[in-house]
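Here the chain labels run A, B, C, D, E and F in written order, and each chain numbers its own residues starting at 1.
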C-alpha cells in the first residue's frame, strides 16, 4: 500500500505471544492489523513493515536479515545459535513476570537423581541442540536426544528423561515429574540483525521503538497519583513517598497549598493512600497510565 | 505458598457478585486469582488470604471468626441474626446503585391487599427467618412459611404469597405480581468479625482496605477535568463549577493564565463542558480515573 | 418513564454502526440502554429520547421531523434527496478514518473500461436513485438500474456492472472486480431537521451534544503527555513540540524546573517521546483521555 | 472442477433458510458445501450446480433462466410477478408447519378498523408491489406505499399502517399491533423455469429431486415401528393401527407368529405403543427414518 | 392455549437435569418447549401440562397435588418425607448409570474414622432432615447440623464433617476428603400423587407415559442388528446370540436362507459381529433405535 | 482402574484427527473418554488401553512396541521409515475421501518449472527425510532442505520451494503457489507392531477391531432401503438394483407381495428411489445405519 520501502522489517511472534504483542504495540503507539490468515500484518508507520514467524524460528530470520528485528525468547536464540544482537528484555507475559526455565525432568518414581544417572539413556525434547550441548559439556554419554513435537511431559515415561520448558511448574506437577537440573532460563527479547544494528538510521529507529515498548510495559501496573497538601506538611508527606520515585510539586494559586503528583506501582499505591490521608493530604486521586519512560 | 500467616482472612462472595468483586479489588490494587474450581483464591498481598462463600452464608463465617471480614448483603446479616460489625457500604453493582428490597407480593388478581389478609395462608420465601419474624411482630398468624429453593416468583400462584428480593421490579411485573409490603431494604456491605475489629493491627488493615475499595468505587462514573483560563475569568469560571467539588488552581508560567483541575461526575461533565467553553476556557480535556478518595 | 416531554428526539443508527455509536455516547457522558429487541433505547438525560433507524432511512425521518437529529452517512442523505442540515462530521468508524466510496465496478476480465461502455447495459446497486442520476447526468442510456438486496459484488457477473460501497477495496479485490468510476464519497454525519435547527433551545442542545461527541472522538487516539524540564531547556523542548498543540507550562516548587503538559496524537507521541528524552526531559509519562475539546 | 456442463442449475436460498435447506439436501442424498463466503456452493452430483440467492430475488433469476429451479416463498413469486412453474411445496421450516401470512396491521390503539379506513394514508412494507395491487384492486386510494428496509413493525407508529409477514403473530403482539386484513398466505416452494420444465431431461431430473426432497421432509417426525404378534392376534392388532398406514406383515420361521412393520408419526407412535403392548404384541421397537416416499 | 383442562400435570426438574429430561421426552414422542424464562413449558399433547420445579422441591408439590406426577431424585423424596407413589426408575443421566450416594465425609488428615467420632461436632449439609435423622437413629449426639448453600466439600475443613452427594467420587478426591459412611443411595424416579394414582384415567396415562419414557431410555446404547444365514447354520448362529434376547427369524424368498434380526447392546454387538461373521453370517448390519419396549 | 493388564495398547492420534477418531470408535461400539488434558484416555473394554500421540510420531511408538497398534497417516510411516504392519485403510476424514498429497510447490510467478530447476536451492518442509530422499533419488543437488514449523506455504517466498501437504489444493491457491511435482500420496491407516501381529490373541483382537472400525466407516454414507413389490414385478425391480449389492427378499403374509431390503450408498439411493417408484414399488423408505459389514 505504501510505495516507499520501509526502513525496518519486524518479525512478530505468531501463536501464544501474538495477541499480547499486538496489544503491546497498540499501547506503544502502533496499530498492527492482522488480516484473516495473512502472515504480513500491516502497521500504521510507513517506516515499518512486519511479518509473523513462530518464536522458534524468529532468530534465524533475524540473523539472515529477512527481518531487521524480532521478538522471541532468549532460549530460541541460544538453541538456534543465532548470531544476533539482543536489544532489551520485554517482560509483558501476563501470568507472571518470572523467566521461564528449561529443565531436565524425570518421573517422580524414577531412580534418576542427577544428570549423570542418564548416561546411556534417551532424552526427549523440543530443544534439541541445547540439550545435546548440555550433555556434551558435562561429558555424559547419552544414547539419543530425540525431538519431541510437543506434549513432551507425557514422554517422560516413554523414554528416560525430558528437557521441557516450565513457567510455574504446574504442568510438571500435574504429570508427576521431578526436576533434576535446569539447563537455561529465558525471557522475551527484542533482537536485532547485527548489520541493521550498525546502520545508523536503523539503529536510531530500533532504539526509539525499544524506548516506546518499554514505556508501555512500565505503564502496566502503575498509576498517576495526585494530591494536595499544605505547604507546612510538605516534608512529612514527601517523607512518606517511596524513595525511588521523585514527586513533582506544583504551585497552587492558594500559596498555602501545593499539588503533588507521582507515578507509583499499584501495589505501592494501596499502601501509600491510607498513609497520605492520615498525614493530612486532600483531594487524593489516581488515574491509569499509557506510557512511563523510566 | 507464603509461609507467613496472613494478618487478615477475607470472605469473598461466590456467585453473581463474584466477578464484579474481583474487578473492584483489581482497581483497588489487589490481584485476586481464582484457580479453576478452587474456593481459596490467591491474592497478591502477603497480609491477606481469601475464601469464597455464598453471600447467604457469609455472615455466619464472619461471626464465627472463620474469616475476619466479608462482603455480603445487609439482608443476609439480618436473616442469619449474625453479630458482626458493618464497616461500610460498597455500592458497586452494575445495573443500578439503588438498594434491593425484600417485598411481600401476591398475584395481581388476588384478593389479598394488606399483610393481615394473609392470616392462615402459606408464604414461600428464600428468607425464612426474617419472614417469620415479620409476621410474628405484626401478630399475623401464618399457617406456614416455607423455604423456596429459587424461582420464588412462580410460586406466588401455588401458595398464597411470596417474600422475594427485587432490584428494579421488572421480574415482579413480568410475573404479574403486586407488592403489598416491603420487609427490608439492603445494600452490599463490608462486615467484620467483632473481635477482629477490636484488634488494632487488624482494624487498621480493615480501614485501609475499606478506604481503597471506596476510592475505587468513587472513581467509577467520575472523570478528571482540566482546562486553562485567563486569570481575569477565574471567578466566573469557578462560579460555574458545581459547589460540591473544590477545584485545584495551578500557576502557569504565563502569569495571565491559570490551570484548573477538578474531579466531576460524567453526568456533570456533559453539562459543564459547553458552559466552560462559552465562558472562555481553553484546552479543556478530561481523563478516566482509577481511585478517588473523598 | 419520564413524564416530561424530552427536548430533543435522536435517531440512532441500527445495525453495523449501532455498537460503536452507543460506545461513543457513553464516552460523551450518556448511557444509552437498548433493551432486548426494543427500537426505543433509554438514555439517562431527561431532555433526550431516542429511536433506532437503519442508516439508509434516517434522513427521511429527520427531514419529516419524526426525530430532530440523527446519525447517518452523507451518501444516504444524498440518495434520499433529504432536505436536512448537516451539523458536523463524526468520524468514529473503527477500521479506518477514510471516507467510504461508492464505485462503478465490473469484472476484471470484462471489456467495459469507462462508464460510457455500459450504454444499454444493466447495473445492479443498493443505491438506486443516485446511480440513475449519475447515468442521466452523463447522458449514458442504461437499459436498467436494478435494486440489489446485498452481496452486490457477486452480481457483477450476472449483470453488466454494479455500483457498490467500499472502504478498503478488499471485497472488490476478493471478487476480482475492477473500479471504473467513483460516484460519491461519504462519511458519517450528525444531521438536524431544519425546523429544529432554527429553534433556539433545540439548537443550543444540538450544539452542546455535537461538542461532546466531537470531544469524545478527539480523545480517541490522543494521550495526555507530561514531563519535567529544566527552565533553561524550556525553549528547546517547546521547539520540539508539534506546532498545532500549545503546551501548558506549570510552575514547580523547585524554581529551576517546570512541568509541561500537552495533548498529542498517539502517532505523534511515539515520535516525540524519544526526542524529548534526548533533549533532557525527565519524568515523561502519558495517560489515556476521555474527551478533548479542540 | 467438473468439465461437464451440469444438467440443472439450482438457486438455493441465502440467509435464514440456508442452513435448514442444506440440511434437507443432505438428508435427500446431496452434500452441498458452502466455502467461506462463496456464493457458489459445490454439490456432489455432476448433473447439478448451485448458486445462493436471497429468497426475495430467487424467482427473478428462475424466470430469467439464470438458474433452472429455485427454492423460495410463494409470496416472493407473487411480489415479483414471476412467470415460473411451481413444482411442489416444501414444508421444512422448524418452528411450525403452518404457512406464513402477510397482514395489514395497525397500532392496537389506532382508529383504523378496516382497509378502507386507510384511504389517504401511508403504508410501509417490504412487499411493495403486492401491497399496491391490493389497494388498487380494492379501489382504496392510498397516499403512498413506501418501502421498508426491515423492522417494519416499528414503523406502524410512524406511518398509518404496515403490511408485514408473520408466522405465529408473536412479533405483532410484542409491538401491540392489530391485524385488520390478510393479503396473502405463503409457503416455501420448489419453482422451475418454464422452459426448463418443458425440457424432458431437465423435467425428469426436477421431478426426481422433488421426490427425494419430499421423502426427506416426510421422514422427519416419523419412525419405523416393528413388533411381533401371534397369528391369532393379527386382526386385533391391525385393527389398532391407524387407517392411513398399511402395515407390512412378514412371515416368521415360527409359523404361529408374524412380524409387523409400519411407518407412523411420532405422535401416533406414543399412543399406539401402549395399546399394542396391551393387545399382546412383543418385541416392540422403533427406529429413526431417513426418507419416506408417500 | 388449549381450552380443555389437561388430564395430567407434570413437574419437570429445573436445572442440571432439565436438558436431558427434555431430550428424553422428545425421544419418547413429546415436544416440550421452554420459552425464555417461563416456568410453564408447553407440551404437544392436549392431555398434558407441565411446570418446572427444582428437584429438591418436586416431591412437596407432587404430594400436595399441585402436579400429578414429577421427576426427581429418590433422595429428595426421603428428605422431604413426602407421601408419594414411586412409579419407576428413570436412569438417563449421561455420565454414568450408577446411583448417586450421600456420604458422610471428613478431611483425609482428620482423626474422625467412624460416625461415632463426630459426637459433639458440627456437620454441614444440603440434606438437613435426613442427616439429623441419621444421627438420631444412631444415637450420636451432634452439636449442630447446619444448612449448606452449596460448595459443601470446601466446608469439611471449616466444620467437623459434611454430608454431600457424590456420583463418581472425583470431587471428594479433588478436595482430599475421606468417606466414613454412606447415608443413602438414590436414582431418578417418576413419582405420582397418591390420589392421581388411584384415578383410573390418570393412572392409565401415567403408565403409558412411563412405558414410553422407559422405552426411550432402553433404546440408548442398543442397536438393531440384522444378518442373513443359511438355514443349515441357523442353530449355530442362534447359539452365539446372547441368551437374554430372542431373535426374530424371517423367511426369505430363497428358502435356503433366513434373515435374523435382534436388538442388542452396543457393547454386545462389538463382540457378536466378528463371531457371526466367522460363523458364516452375511449381509450383517446394524442401525440406531428410537424406542425399545422390554 | 482395571487391575487386569489389557491385551492391546492402542495409540490414538492427537490433534486434528482426534475428535473424528473418538467418534469413529463410539460408532464402532467403544466409548473413549479423554479427561481434561490427560494423554491416557479410558476405554470401556478391559482388553484395551489407549494413549494419545501426534500422528507424526505414531509409527515410531508402534515400531518400538510402546503401543501394539496405532492410527496414523501412511506418509508419516514412510517419513519415519518405520517397520510396522499396515492392517487396513481407515477413510473417515470428513471433508473428502481422497488421499492427501505431499507436493513440491513454488510461487506462481517463479521461474522454477521442474524439480531439476531447484538444484542449488533451499526447500522448506515439515517432511524432512522424505524430501531429502526424493532429491537424492533424482540426483538433484539441493543446498538445504530446512525444517518448517508449520505455515509452510508462506515460506515459499522466503526460500526457493516448499514441500507441503494438500487435500483440496485450496491453501496452495490462496497463497498463489504452483505445484511442480507430487512426492507422495497418503491415507489414514491402522498400523500394528510386527511382533503383536504374530501373537495369535493380539492378532485376533486387532482383526476384530479392524472389522468393527471398517463397519462403522462403511455405515457412513449408506442407508437401509426397504420397499414392497408385487411378486410379478420382482425381476424388474431386482434388475434396477445396483449389481454390487444383493438385496434380501422377504416373504409377506400376502403371498402376491414381497418385501425387499438392501443397503445402498446415499448417492445410489437418490438415483434408485425414483426408478423404483416408477417400476411400481410401494412403501419405499430408508433409515440410517450404524455399522455395515461388507
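Here, a contact is a pair of C-beta atoms (placed from the backbone, for glycine too) under 8 Å apart; a residue touches a chain by one contact, two chains touch by 3 or more.
Owing to the predicted nature of the structure, the values given are computational and were not obtained by experimental measurement.
Identification of common neighbours of chain C and chain E yields B, D.
The chain with its C-alpha centre at the largest distance from the centre of chain C is E. With centres computed as the average of Cα coordinates, no chain lies farther from chain B than F.
Rounded to whole angstrom, the centroid-to-centroid distance between chain B and chain F, based on C-alpha atoms, equals 59 Å.
Taking the mean of the C-alpha atoms as each chain's centre, chain B and chain E sit 43 Å apart. Our note on geometry: chain A versus chain C, Cα centroid distance of 37 Å, whole angstroms. Residues of chain F found to touch two or more other chains are 250-251, 287-288.
Interchain contacts (touch definition given at top) occur between A-B, A-C, A-F, B-C, B-E, C-D, D-E, D-F, E-F.
Listed in rising order, the residues of chain D touching chain F in the complex are 28-30, 35, 44-45, 207-208, 211-212, 215, 219, 224, 234, 246, 248-251, 258, 263, 287-293.
Per the touch definition, chain A reaches chain B in the complex via residues 223, 228, 250-254, 259, 266-267, 269-270, 273-274, 277, 283-288.
Chain A makes touch with chain F in their complex at residues 14, 37, 39, 54, 56-57, 61, 66, 149-151, 154, 158, 174.
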